[in-house]
């Protein structure tokens, strides 16, 4: 039997800035441009979590999307929503909160919470025009 | 030469409920929650059909998307649109009409109608936030 | 000072059918077509509630959109979501649940809950292509 | 002859927090909830500017939408995009940057730049679900 | 009793160019820029038709949206879709096909087909970011 | 370490027609229908460029999406936007500008501009309902 992928879309709003602490201000400004603003800017992040597996023959669900939604709420949204990623999240104390790195962090959080028989992929929209996917 | 994927988006509106006839009312209510409502609820289902193959050198088409649209209309929409999936579709007499199972049923219908040289995948949005893909 | 309009978007999923109990089956079928299916069909209804008034000088809010969201949740969504409008809502025992009539019913429910200094308008999407607004 | 309305959609990303400096921390937290986070959060703001007037008989334009786009870019986006509204914009030193107040500020900026024969209205989406319009 | 507004969304694809035949090439190029390309360019026009009136007490419809859709199909889409507006539509032989003028032309066509008790307004999206409404 | 995919969405407006110069008018009309209109029609093409690779440990970027946007602007949009694809682009002098072929042409253009360590895929929306992806 073939696997089915199920997707759950969620969102959170957060402030961030892009900065490499190992670089000086000039280099940071030159590489990250207005995203380097020391006063921060922010986004409405759209998060799409993809879980792949075999549907349970009794329920017809790969995973109950309400359960998946609750899992995302408890482990990701409660931690990221209405936060300053640079200041308030330990994961970004040493790591630049680019869309790529935010997606990797969210993947790592959710991977530990999901049955290992299920595959996981995370898509994150920073804006409607800029988005990322992990793992590719 | 590499293959190209072409996609056609269609939609249908239908009523359904989630229920496992082998379970009692309490278990169904506990697993399926408000989706178990015996009076049904409904959705605007968005359907995206992906067909992959080599473009015909004379037309530049993998498959004429108007032809694909007509195929979906005749074989899927005419059967699913403005229907009660649980009551009116034989495919869901023994199978719970979860998004996963609806996508599998639509795949099986279209697979028989398409040239075997073409690959097929079905994505189905039950809501903007909950969607599935088969095969994964 | 000019008024500001604030909008809150919510959604619910419901089953319905269009039918006039005073007409026979042939006339209902001829006027309402596939929307007359006695087994029901359904929609993802998108609801946009517009409230117009003067911003409070202390908060900068016309109305706190979280408060408005909770008001819609408690008075509309809890009643309409995952329901069969024809069978389960008293408002549609004598009234055909067209998008027009559903919008009027939702307006009447919310009008009683809002400060009379605030204007109210309801927009309801039955599908992405068919939607209504009340009062016009 | 009737007037025509033309609309231009733009966007900017910014950080903000909601806070009334005249209140203590407890009252601010109780009224503004997680929007009061002292470390800020942020949004992808979508801005729709509506200009109403008679089309010029020679061009068929009410206003060239490229000209309107440039006007918004120079006077609004260059000032708001990738900024911290509370820290970096003088307009929000005394005014809480709610969606209502941001829309009023943008209206006031653009009103001075537009021909007085043209009517102006501003719609601002803080998120897809929360948006405002000024004047109502 | 208050009126209700109903909306129907349709779309068409067309080629056009902006040009004032009374002007020379230099002036046309300077005013209309790349929209003046003599070889044309094109758009996916999204059309939203708004009809306002009292719901019929027997049907609950202001106007059956399927009937409105057919009216738009027969009188607008069949004439505009997959056409070159400058070459193939008599309405644009003397009139520049700006979004403003296309909306006015569509309004005039539909106004003659609708019951005079119903109000009519047309919204036309040339792109997602540039759109117009008539009458304002 | 796993790769990350990053996406950039851009758009352009163009005129085209579908035609096989080796066929007579009757066969072209029969195969391509209204898309064969000799006076052209047009579209708002939405282009999504996907680039896959390992994030740079210093920036956290697979590729700076502003850099990718500029690359698309300089090499694709400046060439395709507000153009007649059949008349003005050498790539479509011998090749029918179907969505499939336009995507292949854009892929070939961008492939030469990108570091060979990065994977590339192009998605092109001709309309919201018809879109293609290359390579599949």
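Each chain carries a letter (A, B, C, D, E and F) given by its place in the written order, and its residues are counted from 1.
Methods note: a contact is a pair of C-beta atoms (placed from the backbone, for glycine too) under 8 Å apart; a residue touches a chain by one contact, two chains touch by 3 or more.
Keep in mind that what you see is a predicted model, and the values were worked out from it rather than measured.
Chemist: Of all the other chains, whose mean CA position lies farthest from subunit A?
Modeler: Centroid comparison gives E as the farthest chain from subunit A.
Chemist: How many angstrom between the C-alpha centroids of subunit C and subunit B?
Modeler: Each chain's C-alpha centroid was found; their separation is 28 Å.
Chemist: For subunit A and subunit E, let me know how many angstrom lie between their CA-based centres, rounded off.
Modeler: 41
Chemist: Which positions in subunit D are in touch with at least two other chains?
Modeler: Those would be 128.
Chemist: Every pair of chains that touch: which are they?
Modeler: A-B, A-D, A-F, B-C, B-F, C-D, C-E, D-E, E-F
Chemist: Which residues of subunit B touch subunit F in the complex?
Modeler: Going through subunit B, the ones touching subunit F are 2-10, 52, 55, 58-62, 64-66, 69, 119.
Chemist: For subunit D, which residues count as touching subunit C in their complex?
Modeler: The contact residues of subunit D facing subunit C are 18, 20, 22-23, 31-33, 95-101, 103-104, 128-136.
Chemist: Touching subunit E in the complex: which residues of subunit F?
Modeler: Contacts found on subunit F: 11, 13-16, 34-35, 37, 39-44, 81-84, 87-88, 127-128.
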